[in-house]
Amino acid sequence: MKRYHRILLTGAAGRLGRELRKSLGTVAETVRITDCEAMEDLRPHEEAVVCDLGERQAILDLTRDVDAIVHFGGIACEGTFDAILRSNIIGSYNVYEGARQNGISRIVFASSVHAIGFWGLEDHIDADSPVRPDSLYGVAKTYVESLSRLYWDKFGIESLCLRIFSSFEEPADRRMLWSWLSYDDCADYVRQGLLAPRVGHTIAFGISKNAVRPVDNSKAGHIGWTPRDSSEPYRRAVENTCPPPDPNSVGARTLGGWFCELGHPDDTP
Amino acid sequence: MKRYHRILLTGAAGRLGRELRKSLGTVAETVRITDCEAMEDLRPHEEAVVCDLGERQAILDLTRDVDAIVHFGGIACEGTFDAILRSNIIGSYNVYEGARQNGISRIVFASSVHAIGFWGLEDHIDADSPVRPDSLYGVAKTYVESLSRLYWDKFGIESLCLRIFSSFEEPADRRMLWSWLSYDDCADYVRQGLLAPRVGHTIAFGISKNAVRPVDNSKAGHIGWTPRDSSEPYRRAVENTCPPPDPNSVGARTLGGWFCELGHPDDTP
Amino acid sequence: MKRYHRILLTGAAGRLGRELRKSLGTVAETVRITDCEAMEDLRPHEEAVVCDLGERQAILDLTRDVDAIVHFGGIACEGTFDAILRSNIIGSYNVYEGARQNGISRIVFASSVHAIGFWGLEDHIDADSPVRPDSLYGVAKTYVESLSRLYWDKFGIESLCLRIFSSFEEPADRRMLWSWLSYDDCADYVRQGLLAPRVGHTIAFGISKNAVRPVDNSKAGHIGWTPRDSSEPYRRAVENTCPPPDPNSVGARTLGGWFCELGHPDDTP
Amino acid sequence: MKRYHRILLTGAAGRLGRELRKSLGTVAETVRITDCEAMEDLRPHEEAVVCDLGERQAILDLTRDVDAIVHFGGIACEGTFDAILRSNIIGSYNVYEGARQNGISRIVFASSVHAIGFWGLEDHIDADSPVRPDSLYGVAKTYVESLSRLYWDKFGIESLCLRIFSSFEEPADRRMLWSWLSYDDCADYVRQGLLAPRVGHTIAFGISKNAVRPVDNSKAGHIGWTPRDSSEPYRRAVENTCPPPDPNSVGARTLGGWFCELGHPDDTP
Amino acid sequence: MKRYHRILLTGAAGRLGRELRKSLGTVAETVRITDCEAMEDLRPHEEAVVCDLGERQAILDLTRDVDAIVHFGGIACEGTFDAILRSNIIGSYNVYEGARQNGISRIVFASSVHAIGFWGLEDHIDADSPVRPDSLYGVAKTYVESLSRLYWDKFGIESLCLRIFSSFEEPADRRMLWSWLSYDDCADYVRQGLLAPRVGHTIAFGISKNAVRPVDNSKAGHIGWTPRDSSEPYRRAVENTCPPPDPNSVGARTLGGWFCELGHPDDTP
Amino acid sequence: MKRYHRILLTGAAGRLGRELRKSLGTVAETVRITDCEAMEDLRPHEEAVVCDLGERQAILDLTRDVDAIVHFGGIACEGTFDAILRSNIIGSYNVYEGARQNGISRIVFASSVHAIGFWGLEDHIDADSPVRPDSLYGVAKTYVESLSRLYWDKFGIESLCLRIFSSFEEPADRRMLWSWLSYDDCADYVRQGLLAPRVGHTIAFGISKNAVRPVDNSKAGHIGWTPRDSSEPYRRAVENTCPPPDPNSVGARTLGGWFCELGHPDDTP
């Protein structure tokens, strides 16, 4: 017997959304998938809805008859204030309102390392450390973490805010040798967030079992997740391709990496 | 010689804005005051500009030729998502962008106890404790605290985020016997934020020297502020008027008080 | 209007009980006082009941029609296991059961520095530090602190566990120059415990405003108590009478002082 | 050569006592086993003594010629105050007095998760967190932890207070999927407590290597224990049998589980 | 009766040494004062010895028949490695060896803010924070703090390591508005270090009761010192003379101020 | 391609230096090895220089054309003040000055458990805990840790201060069953210190994956080191040879072991 009758996956056409689709069928009988663009190759347990997170009424409809939400929708990189505002702030508010108005009790939210990007590798922060976003994108992630805290404290909706570091098929540069989160580890974490006996409001760090361990994830221990993958098999290839960075550069000493070095997205070029 | 040539005060027609106008003349030669409604009784050192924080270009103009900003504008209580979004999120973004584009190096921002309203009196949190907003209003305050952290880490703009508890002429109920911030103490804190040798990014608690001390403000010690007023002279009058609350009620045990008991502002009545 | 209709004071014939009787009339219309021996000079608002804390039914009767309890009864120094067991463990259990069965919602309990006596002056512990009792008497105090935590978490009865250091008319030796709690400060703390808007389960340190400050009482800040007295006026007299102790002796370096040097009370002489 | 000449095991006829008997022969030449009821199938290195922990003189005799004590005796579930008092408080005092009077230098004591049962899974407490018992049984465990601290600080007797979570043959419900301590892991922990180079006064959490990790046991790292078993092989069977609990129920969010939901044992039915 | 028969003051001809001479007569019958240059205007209770801290045998002789040492000798600003080595490292070692070989049980050592100079005003460090020296001078101060810890842990000699911030007659610049330690407050702290019931090994911050409070001195609360002076009366004069610094400069954001901006003393000009 | 062109190894003729020589060739094309005595069996990538760390000019020359330093030179046990001063304090200063003047950006320094030897096994300190040296040798190690912090904060030279516990071929006594650092684990840690993307100023504990875990090394997680060896295979042999120590002895309860029990090295025999 599966844990859920129907769960909703937002951002289903995105890079990580496509990966998550592969495994969410193990926890729910039906997976409603949504994105603002068309999704292909539907599995039998999937039902697809194309809609825009920024449209409140559409999202209220989308979240009907759903038991839990995996919220991976929205812009997944730095953007202008207006773009981030609509997609990540208004869009996420709509998702949480959908959950509240439709009685959904648990959400797994794709937060990001960029919510804490200006902390350093040597700071070894944990989930209770103050936020230090490195971009408007990161600020929006902290907004949703804060909003979800309200929805927990006041409305009893559980959230796992999963701060994804670098989830790609393979580590692509030297930073990812420590920040990499394999697709399998990412999917496992989302599943554990759906299956854990108790989530409450939890902030967790999504990072595989790499050699360098820059953060302390122990406060998410009740989720029951253990990473299985490591970047070590990719080390030689990466080190041959990418020269070592200056350890004193902002990009090398911060968790957020080159996001910390980005200029302001609203500056005209 | 005054410290600043010209500072900007937003929200100058509001309850606290009107109080601040009385003393800001001691730190700047000119105080530009702004609000979306007309401001009266201009002092010789004041120049008034009526404009809407939600209008980006207007705010970019408003912040020109200014050395520092006291940002008290925006909605000062719970409101619908759309209202808070425009006034407190977009509005504050515009203010910070004005600061960045016009080279302003310090901002005193009126944050609020409602950014941390779901913490309890017995938790004795400090400035590094995670946020726990009690309302959409409180979530917006955490958004600006997070945004200002980005503007500090990335663009070097200092912010004092002053979490005002209950700043009224007198304590009006039993909760304010501990949460009260007198007008004088509030104005002093803002002035110290403008005059302190170093602010960086500081989160501070604005609460007078009342008998009950529910939070730990020591991490703002470098601002150099000490409260002078106390609610004690008002105790007898308040206790005669207001019955003691149930200590186990949400309103009595949380920092946010009755905000924690408010329903959702977007629910139709 | 007084806060309470009727409060109960146990240990009313003891040294501190006699002091508390002087001021409890300000917070309750009636003060029921009890001890195992006769109490004299009843004030008009006092009603006296002689009974033994070790008798469960008597205590259930004693606690009827009472709004709050100030529990200062029991042995006030080291004693044999059997004596402490009956007076301080069974007796306190009876008091808490009386509170629970009679719907009393707040208790101020006379805990003691001897619950934490083996910590040192240099450790600067706070209310969350683990207990380190220095005597069977101290162990019993930790028992009641733990019991009262259960009665809070499970039955919603608030307790202020006031760890009294050395409450005497005057500081009698060099240790009391730092550990002294004046009678007035002690009575104030008890009154604040009864009047505070919210107590929950609070552990507090009862020590006057002496020059040496060996513990951190900030986690009781929500009680709203500030000491007013200091041992300084007594310094000269004490230092003339008592030679300085060896700073490396157990008695001089621990909070519990000579209690830490006592042998076991069950050893036959 | 074995480490100990003779150790004493109390509670030897209980569920865990019977398990421990299987392995204690590896650390001592003789294992004196005791319980208030008869023990069967004595191994060659075992000597059995039937006696009642509540009888002081009997326990003083029982602890003669012993090098170390494994104290697992007493009631192992919630009971009335009088029953717990005799069995767990007086009984444990007698055991510690036996140790002191007979020069025994180390004790492994079966404490319990119920000493901290009202903490939540998301609190991730460690050994220094304040106690929060969930039952009179749990309060008695905190009494012995406190008593053993006195016997360490004052009399130099080492104690490992092992807070056993759920030690059963198999995980029997969903809570045990995270709280389970296998019999082998339990026996290992006791053995390590006897063999560790230095115990001092240590509080440790007894929980197997399950997926969910709700507490931080690092402060017991000097004991040298590592769990080997996991509840994962039992997951499918348990999840098929037991429905998922409401994550917001007291039983699901606390470490103590359903003990937190028990009524008062002294209430007449 | 005075506490000490004879105490030794090193560095007695230095700026602070001359100040201390004014008040040490209140705690000892005889004050032996020493420096490498002549000291003038001896008071009746003073005996002067000219000698070099770098000469071991001379210091062993100097420390004979002494009860306590106030060690303010050595170079009081940045210097070359060789100069600091001889004066502050070898010299202090000689003083501690003198104490050990002559059975002296307490030392007040003039440590410095420059032992922690690279921490920032916003870090609010306390006595347990790691050292971050800002100069070879500061490194030498940390050496003596570490050495004195050894002499406490191994040889039972108490030390108060007083990290003096800026002890001058008046605050001379804007940094001193927060870092100032008045001469009276400095002398009081030294006296309290000599008179405190228990010092053990204590690290304390010497800073007057100025408006800006950049560090947390609570871990020295057992010394019993409270500052009485404030820089406020000097504020106007200082602010009129000195322009405000750039808050983002190293000198303005660190505790050590311009020491953090000094080049290496061994660089040839 | 190797990470470094040329690295320098000091103390190359010492016990650990000889071990390190076996593996440093994997990270640098040339390894310059140095000691005050002759080094034998040079590998093709090695170049040997005999010189004395106490000679400043020689060390300035020695550090020319080097990219990184592995500083294992100096006395490796307790010694007289004069010997330790020259070899470990002056010698290390010379090495750091060589690095600064020659533009070397990273150093791996052999610090020692004896920098923190007076902490106990039950204290579970981490890298930020204050130092508590157990010997003049340990004090010198804390000097270099402090000096290297200055060279990081002021001059941007990274240092990994590796506090080596007991690095020997095999665990030789019961203390080493927990303090052992295998030669391979030691060499790995040094290599990781050279290869890590970012070191900054890091203090790390060098201890293999033994059963007893007395310290918390998580703050060095960014170095990317994981121990592979364990003392378990040697347990039986050690326990058969060495009797168990008294757990209450200074040697058994401290991290520093018998160093804590050593007398003063300058005492004449």
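Which chain is which? They are A, B, C, D, E and F, in the order written, and residues in each are numbered from 1.
Quick note on the criterion: contacts are C-beta pairs under 8 Å (C-beta built on N, C-alpha and C of every residue); 3 or more make two chains touch, one makes a residue touch a chain.
For clarity, every value in this text was computed on a predicted model and none was experimentally measured.
J.: Along the shortest chain of touching chains, how many steps lie between subunit A and subunit F?
T.: Minimal hop count between subunit A and subunit F: 1.
J.: Superposing the C-alpha atoms of subunit A on subunit C takes a rotation of how many degrees, nearest 5?
T.: To map subunit A onto subunit C, rotate by about 180 degrees.
J.: Would you kindly state whether over half or under half of the residue numbers at the subunit B/subunit E interface are used by both copies, giving same or different?
T.: The interface is built from different residue numbers on each side, given that under half of them are used by both copies.
J.: Return the distance between the CA-based centres of subunit A and subunit B, expressed in whole Å.
T.: Taking the mean C-alpha position of each chain, the two centres sit 32 Å apart.
J.: Take the average of all CA coordinates in subunit B, do the same for subunit C, and state the distance between these two points in whole angstrom.
T.: That gives a centre separation of 41 Å.
J.: How far is the middle of subunit D from the middle of subunit E, if each middle is the mean of its Cα atoms, in Å?
T.: Result: the chain centres lie 51 Å from each other.
J.: Provide the list of subunit C residues touching at least two other chains, using ranges where the numbers run on.
T.: none
J.: Which word fits how the chains touch one another: line, ring, star, complete or other?
T.: Shape of the chain contacts: other, as it matches none of the listed patterns.
J.: Between which chains does touch occur?
T.: Per the contact definition above, the touching pairs are A-B, A-D, A-F, B-C, B-E, C-D, C-E, D-F, E-F.
J.: In their shared complex, at which residues does subunit B touch subunit C?
T.: 120-122, 124, 174-175, 177-178, 210-214, 216, 240, 244-245, 247-248, 252-253
J.: Flag every residue of subunit E that touches subunit F in the complex, lowest number first.
T.: On the subunit E side, the touching residues are 81, 85, 89-90, 93, 97, 100, 118, 128-136, 138-139, 142-143, 146-147, 149-150, 153-155, 260, 264, 266.
J.: What does subunit E use to touch subunit C in their complex?
T.: Touch list, subunit E to subunit C: 1, 3, 105-106, 156, 158, 192, 196-202, 218-219, 221-226.
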